[in-house]
Every structure is written in structure tokens, then in C-alpha cells.
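Before anything else, here is the set of structures, which you'll find just below.
In the two complexes below, subunit A is the common chain; its partner is subunit B in one and subunit C in the other.
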Partner chain A sequence: MPVCGGAGRVVKGQPFLRSFVTPAALCAFAFLAAMAAVLQYSVRTFVPGSLEPGGFALENFADLLKPLYARVFIDTVWICFLTAVFTLLIGYPLAYALVRLRNQFAKSFILITVITPLFLGEVVRTYSWIIVLGNNGFINSVLLKLGLIAQPIQFMFTTVGVVVALVHVTMPVMVVILAAALSHIDRNYLRAAESLGAGPIRAFATVTLPLSMPGIVAGVTTAFAWTFSAFATPQLIGGGRVNMISNLVYQLGFASFNFPFAASLCVAGLTLIVIILWLTRLAMRPLERIGPH
Partner chain B sequence: MLAILAFLLLPSVVVVLAAFNDSALLSFPPHAWSLRWFAKAVEYRDFQEGLRNGLIVASWASAIALAVGAAFAFAIDHYKFRLKAPIEAVLLSPLFVPHFTVGLGFLILAAQIGLARTYTIVVVCHVILVLPFVLRSVYVSLRNLDRRLELAAASLGAPPLRVLATITLPLLLPGLVSGWLFAAILSFNEFTASLFVTAQRTQTLPVVMYNYVREYADPSMAALSVIYITATAVLLTLANAFFGLNKILNVEQH
Partner chain C sequence: MKRFLLVLFALAFAMPAQAQDKLVVSIWGGSWRDLVAETVAKKFTAETGVPVDFITGGTIDRLNKARLAKDNPESDITFTTSHVGWLYANSGLFEKLDLAKIPNASNLVDEARFSPFHLGSWAYVYTIGYRSDLIKDIKFSTWNDLWNPELKGKIAAPDFDPSHLIVVAAILSGGDAEHWQVGQDKLKALKPNFKAFYSDDANSQQLLASGETPVQDVLSMNAYYMIGQGSPITVDIPREGGVLGVDAVAIMTGSKKADLAYKFINVLYEPDVQAAIAKQKKGSPVVTNAKLDADLAKLPGVFTSPAQWKQQIVIDPKLRAEKLPEWRKWFSENIMN
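Our next item is the complex of A and B:
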């Protein structure tokens, strides 16, 4: 029997262990070093006009509480929340169709439509939305031509515009997670409900929906975290009037060269994400018991 | 359902309309059609260099991520070793760490160890960001791998390297190819972290496109987007036909 050995020691029965694990360990180390660099900068002071940070101090974190920055934090959480909820509402029917449809062609069509945006990158997708939402854009041109509106609706530089584009950006991840959860539900539960006289709506509400709860929670959390990471969408569609933490970090780093403060924003943002993930895990625990596995 | 699909497809359709529109100003419906924005996009020097840089970075990053990720996924599946769970957790965590934080981290790190403005730091950053996806693809293949085939080969006297080369690797091929494909596409498209770690000389295509959108409003960007969308859709359709995206994404009905 193979013996459990240290990462550095090749044990009989576990050939190539060292050469298989070392590169991964180096990558993990590089990532930890980058995160440590952020952490270290976050507790240094900013020396105006210099790229080198000053001494150690916690003043960056005190500055985060100023209304200007606190406001960006609240806006970010609000935008992430709205995006996660709308992505769920639109993504659920898609995931459901993806799993339940019999027609292979329709299935592949939905899958490709949903997945392609995932591989287009934020810039291309955001640019497309600028053309759709702009004052001379597609929606306004069509509505003006039809005489439904007298002047363009302002989507650019508004929270609504940013959220619409973000929902589109986040959709693929949500659908993939929901579809994975839905596909693991044992169809026999549904058959049982139907044979006991439940109509399709009741069977969905009392069987499918509760059983897909873990997927919903995972999808909403992931959508929240992804939106939190978005940069190009709020930057280009928000145009400086809708700001998320990512935009503030970039601006602080590349316009004011205040890397210590940018780093402290990153640390605060990461803390927020970790707390949200941790709370979700707590909330998931009772759900896992009724889950399909 | 149709409304939802329309919402998903709307931006792509509108970009196509804008790309073939002769006028420099966005107008719907277009008055005349032309291919001139495609010509302009293809001839634009910054786009060409961005494409070249993007391909260099994506090739290196996806190859390294594939090698590192496949080896580690195999070790996780087959072996027991110390620090297994912590290393795995660290390597999967970039899924939840905002990319601007990863980018800022590697920017500061690069400055500290003298790698600022190099391709190396861009590649390292991309490897870290795409590794979780490679790990996931290879895990799925490993789960479907019949361990008895490896044991049979070993009991017939095949040394470990031979088992690996003649049994394990061929059986893992679909997972390896799809993992590499995911890594290459994601690296090629990575934007936020790249914005932080690239310099003028190493700018990848998404960064060049972002700068272009900020400065100019003409539809060459729409033309480039159309090329992009077409290439991606073709790649994905091929991947779907050869490997089945359902399986890779784990959304098949059981």
C-alpha cells in the first residue's frame, strides 16, 4: 500500500509525486506573494510624488470610512446585488430549458448562445452594449423612429445601463451553475409528485425549486463575486458617474499613483467578498440536507 | 424564453449591423453597407500588435497552465500528500478574488522583483487566472477514468512512465484538450488584470481595444468585435461537436 508522505518526498507507489506537485506549489506561492504584496502596501502610507510607499500605518483604512469612498462601497454592493438577482431571474428559465429540452438542436443553440459571451471578454461585450444603449444607439434609434419617445432615454452613465450590461456579462456563469444543479435532480421525485396529482406548476414549486436551492445560492454568490470584479463595464458605461470599487482602485493607482490606498481598497473589497462567501456557506448548510445527494 | 434569447443575442446582432454600416456615426437602420471598417480594423497597427502580444501571452499561459494543472489534478486524484488541500484551495481562489486585486498584486510584485513591464509577469498572472478552469476540466476527465486500466497495465509489468504515456494520457486527452482550449480563450480575453500588468510594449488585444473605445467612436471596433464573435462561436461549435460542451460543463441530465 502507498504510504502517505510529505510533498517533497517520493513515496513508493506514488511515482512522479514531486514533479507533479512542485510546479503547482510554485504557482500557489506566486499568487500568495502577489496577495501579500497587496496586503503589505495596504498598511503603508502614500508619499505624494513617489512610487515608493512610506512607513507603516493604518490611516488608509480610516480613510475608507470617508463618505466619498463609503459611497462607492455601497454603490458597488447595490450594483452587485441587483445584477445577481436579475441574472438569476433570467438565467433560471434558460438553465431549465437547457436541461429539460429534448430537442438536441434547440439545446445546442441555447448552449452556444449562452456560453459564447463568456469567451468574448468584458471589453467586446461592453462595447456592444454601448452601441445598443447609447443616445444614438440601437434602442433609442428604434424607439425614436417608431415615435414612441420624443427624445432619447438616457441609459449611458446610469446605474440601469451598467446593470443591464453586467447582467449580460454574468449570465453564462449563472446558467452553467444552475444547469449543473438542475441536471443532478433525480427525476423520480418529479414523477412521484406528478403521480400523486401535483400539476406541473405545483411540482415545480414544491420539488424542483427547493431541490435546486443549492444551485441558486451558488449561482447568486458567484454572480455577486464576478460582478464585484467587473471593471470595463462600469468604467465605459458608467463613464465616471457610476463608480465601482474596481474603477476607484484603477483611478487611484494610475491617475494619482496612490498604490497604498488602492491596495487598502482591494483588501477591504476582498474582506467583503470573503464575508459574503462565508455567510452563504452558513446559509447553504441546512439546504444541503434536503439536496439531491 | 424568446425574449431572453433576444436579450442575449441583441448586442451581437447590433454590433454586426454597426460593423457593416458605411457611416462613421452610429445610425439605425444603416443607409449604406460597406466593408471599410473591417479593412481599417485589420490595418490598424495597435490592433495588430495587440493581437501578436495576445497570442504570445495566451500560448505561453495556456501551455504552462495545462502542464501545471493537469499534473496537479492527477496528483490530487491519485495521491495523498501533505498540503494537498491548501495548495488546491489557493489555486482555485482566483475564481473569487477580483481581477483588479490580482492585477494590482502582480503589478506591485513585478516592481519589487524587477519584472515590471515584462512578458513574464503577464504570463504568470494569466497562468494563475486560468488554472482553476484547467483543473476543473481535467478533474472531470479523471473522474471518468477507469483506474483498473492503469492497474492492469502496471500488473503486466509496465513501468509508471509507460502507464502514464500509454494509458492515462490518451484516456485524459479530451479533458486536456478542452482544458487547454478554455485556458487559451480565457487568457486571450483576460482584460482587467492585464490592464494592470501590461506595459505599452506588452499590451494584449483586450487592453488595446479598451484604449481604442475610450479614444475613438468609429465602427472599426465593431468590425473587430464581429471577427472576434465569429471566431469564438466557430471554436465553441467545434468544441461542442468534438467533445460535447455538456460534458465539460457538467450540465448533462443524469
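Our next item is the complex of A and C:
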């Protein structure tokens, strides 16, 4: 049995592996076919009152330049950026504690608190946030009772509300990625820093933080991409006032039946996220090199 | 092992046979599916011995699936909205109905006769619903009352279908659905009063229940459901009328059980079935011979006489199917953003 070598050699040596690859190949084919259909729709015209698209044209992409649609693209990128940053700021200490704490109860508590929301689904989690963020919700009720505010703060239907809920939705992914990165840092580096006189903060700033940079890059990138496709949260918390690309696609396709324009939005959104992730990758490459080798 | 294989073999043949004996109905999930299951389907099965199976999903999801299945439909009957029904019909997905096979359809109100392909199933209105504990000093006798400056940041409307308010604004400005542009400025003046736009029935109910948007352009059936749950909600029908909505029923092209499907639709139009639907959903029957309890008949949005039907704002479903994308786009660009 070949231990190393190309995948082709492994498959050649063990023909049954081909049957393992077949489902993945079929899935890939189905995804490609779907993408081709979306691409094809994006360059067709919309015929009102009909489900069939019209002839080929690029007018859908020209319409994307209108201020409304351009603003939704900018808003989407801004919301993704804010979500990724705040998820990192909150998720890093949690991941750090998860890896470094010796108390099993505390570790389990953090793990359950962070991971459990994954099992609830985005809609349930978002509805919970509506209860918390509403004018008569938990936060406003507490602040009003404490006399800290005279009028409820408007969280619902604002970017702040959407970002708060999205941070919660994205948190498990970020913490899992960061915890994996932090757990791979060799403790001997820290011991060496401490033996050379570095205090805990300096040791963290000069050893742990730089060595966890690949995890930060991976976490931020994943959180950004994860948020880019968010639908239920901006739909319910945003209340039509805060729209992301997926909400616009839904409105155009499912409320207006304008599938060609919805498809052009999908293509533009996909292109944008690829470009942003590629630029992020380029910008963060120097930081990644800092990580453990 | 042999016995196990025999059972498998028997099941493999038995299951398709069982499926063939069922009438398959495509409808929205949740309370809509239950409504049909507990009224029409129950009586249809009792009369014919044929069980009814349901395929559930959103309006457009099911439309797309029907397009893909085309001449080999997954369902025999489809319930949808009247204007989306036109999209099915234009794509050749609905069979042309032979009304001679639906004797009870002779009692249908005119507003439920959409096309040779689809007919109405039950009716409701989109009208003004509000939290009477939060909105105490404003009464809604006309749609114009929505423009009251005191309602600034208090109103919600559906984000999936702006046709009600677009047509209302057009009517208040001297136009109609076809000449809707005359109401554009009027509707723009309402912009400050909007607080949010709801995405579905559950979202609408949640926004009303929490008081986030104490006034809504609301589906009457949703409002009555919430009133039944104890919410302090009042439903007003403005003097211009509520915006009439009549959901549609049709037989799918290529259905191999068309005769059963005709029987099903005929049962749907039986007066006691229509009365049961009206009672369960607090909506209107679409036949003239349904007898409703007095308490139900007096509810705003439940129509029992031709005069009441005529008082409502009717948007022609075909025009609505054609105009909705344009209306939706204009509403997004000028009101929601």
C-alpha cells in the first residue's frame, strides 16, 4: 500500500476509493450546474407576468449601479466587517479561556454557552434577539427600570441590532477556529518568554497573540464570509430597513418573480466576496507568516 | 433473511400502489395545511374513501417545483394566491377547468372567478389593524388616517407585497391600480410613518404583539387569530374598503387523478365546508349559499352579501401578477430605503 505519493496513485492502488469519490464528484457537478443556471439567468431579461426569462442582455448588471443596490452592497460589506471584528473581540477571550483554563467545569460552561446556539438555528436565535432588543425587550426594560434612559433605545430595525444578533450567530464558528489555533501553540514558547522576565501581558502580546494570527485570519475570514450570506437575521431584525444582499435577492426573486435580476445580484455578490476574501488574504499574508511553523 | 427480503419486496410494490390511491394537494404549511386537512380533505375522504396527501411549501417554492415537474406534476391540486395563479396559468401548469364537473361552483361569487384555469377558495382583506391599548386617540375610518402625523414611526406593511398600499394611495389620489403612478407622491408622504416591513405572517404577528409597530396594513385573518389569543387588537375596514384577497385553487396539468381533483374542488364549494373554513380562519366564504354564525358574519372582512363584496378594493389578479415586480421595485427604491 502506498503510504505517500499522489492521490492518483492511492486511488490506483485501492480502486474502491473511486466509489468514495463518486458522491463528491456528483455533488460538485450539481453545484456547478446550479451555478451555470444562475449565471445564465443573470444575463436574461425579465418578462413581467411570465416565469420564463426573455432574451440575452446585460441590463441587469447596469441596474446594479443604481444607488439603492449599490448601497445594499456597501451596507452588506460594512455589516460583515463589523460582525467579524466584534466577533473576534468577544470570541478571542472566550477561546483563550477555553484552551487555558484548568477548571473542567468552567471549560464546559464556556463550551456549552458558545456551542449551544449552533443547535438552535438562525431563526430561533434571531427571534430570541427580537425579545431582547425590542422597545419593550429585556435591555430597554432593565435600562428604563434603572432610570438610565427615559425613552427606549431603538435597537430593532437598525444596523446596531443586526450586528449584535449576527455576532451571536457567528460566535461559535469564531471560537472553535480560534480555540483550535490557540491549542496548537507550543507552551514552551510562553515558558521561555516568562523565564526571560516577560510578565503575563507581555508574554501574551509578544508570543500568544502573534502565534495565534493564522487562527485570527481564518476566523475573521470565515466570519466575514459566513455573515455575507446571512438572511434570517437581517430580515427579521432589520425589518426591511436594514437590507443585505441575500434579502434583496429574496425580495426580487420571491416577491417580484424577477429571477434574472435576482440572479445578477447573486453573481455580483459572489464576485464581490471572492474579491474581498482574496484581498483580505493578500493583506493578512504577512501576519500569517508570524504563526507557528 | 428470506422473510426479510420478501417483506422488502412486498413493500416496494405496495408503496407506489398506495401513493396512486391518494389525491395530492400542494398548499402552504402550518395552519393553511391544517385548514384544508380538517375541512375539505376530511369530507372528501369520507365521501370518496380516497386519502389526501399534502405537499407544503412557500408560494414561490411550490411554483418553481411545479415548473420543473411540468407535465408530470407532484400534486393534483394546488392552492396559491390569485395573482401567482396567473403565473401558473401563463406557464401552462393549470388545467382548463370544466365547470360542469364542479356543480357547486355555480354559487361562486364573481370575485372568485379568476380565469378558466383557477378559481377562488376563500377570501380575506388586507386592512388596518392596530393595538387599541397603544393607539387610543386615533380611529381609522378612512385609509387617509394612516397619514396622521401622530403615527410617525408606528406603521408596518408587508415587504413581500406593496400592492395594497400602492393601490390605496392611487385611489386616494384619484387613480386606480392601472394608473398607480398618480399615487406615488401620496405614498412617499407616508414614508415617515413606516417603522418596519414584515416578511411573513409570523413576523407581522410578532411586531404587533410586541407593540414595535402598533399599526399595520394587516391580513384580517392574522389579526383575528391574535385577537383569539387575547391580544388587544382592533380591525377597522376603511370606508374605501379593505384590499380584497382571494386565494386560488386549480388542477395541475397532467394530473392523472383529474376526476378526483374535480370532486375535491366540488367539496371545497359545499356550503358547510365553506362555513367551516370561514369559522376556522375568520375569513369569507366564496360561495353565496354558506350559512355563517351571526358573530362571525358581523366581523369586518367577512362578507355575506354581494354589496359587501362590491365595497372592497379589488386588484385584478392578472394585472397584479404583471405589475407586482414594478410595484415592488418602486416601493423598495422609494419607500423602504
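Everything below uses one rule, namely that the second predicted complex is superposed on the first by the 273 of 293 C-alpha atoms of A that agree within 3 Å, B and C clash if a C-alpha of one lies under 4 Å from a C-alpha of the other, contacts with A are read in each partner's own complex, and residues count from 1 in each chain.
We adopt the following convention: contacts are C-beta pairs under 8 Å (C-beta built on N, C-alpha and C of every residue); 3 or more make two chains touch, one makes a residue touch a chain.
In this text the structure is predicted, and so the values were computed from the model without any measurement.
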When subunit B and subunit C are modelled together on subunit A, clash or fit: clash
Which of subunit B and subunit C A:Gly49 touches, first, second, both or neither: second
A:Ala262 touches, of subunit B and subunit C: first, second, both or neither? first
Which of subunit B and subunit C A:Thr158 touches, first, second, both or neither: neither
Which superposed partner A:Thr280 touches (first subunit B, second subunit C, both, neither): neither
Touching partner for A:Ile112 - first (subunit B), second (subunit C), both, neither: first
First (subunit B), second (subunit C), both or neither touched by A:Gln251: second
Which superposed partner A:Leu236 touches (first subunit B, second subunit C, both, neither): both
Subunit B versus subunit C as contact partner of A:Gly134, first or second or both or neither: both
Colliding stretch - subunit C into subunit B, listed as 77-85, 203-211 or 275-283: 203-211
Contact residues common to both interfaces of subunit A (with subunit B and with subunit C): 51, 127, 130-131, 134, 136-137, 236, 253
Residues of subunit A that touch subunit C when the two form their complex: 46, 48-52, 66, 68, 71, 127, 130-131, 134-137, 156-157, 235-236, 239-241, 243, 248, 251-258
Residue numbers on subunit A that touch subunit B, as the complex places them: 2, 4-7, 14-17, 19-21, 23-25, 27-28, 30-35, 37-38, 41, 51, 90, 93-95, 97-100, 108, 110-117, 119-132, 134, 136-138, 141-142, 145, 168, 171, 176, 179-180, 183-184, 225, 228-232, 236, 245-246, 249-250, 253, 259, 262-263, 266, 269-270, 273, 277
Contact footprint of subunit A on subunit B as seen in their complex: 1, 4-5, 7-12, 14-15, 17-18, 25-28, 67-69, 71-72, 74-75, 78-84, 86-87, 90-91, 93-102, 104-109, 111-112, 124-125, 127-128, 131, 160-161, 164, 185-186, 188-192, 195-196, 206, 209-210, 213-214, 221-222, 225, 228-229, 232-233, 235-237, 240, 245-246, 249-254
Touch list for subunit C against partner subunit A, complex: 58-60, 63, 67, 86-87, 90-91, 156, 159-161, 195-199, 203, 206-207, 210-212, 318, 321-326, 328-329, 332-333, 336-337
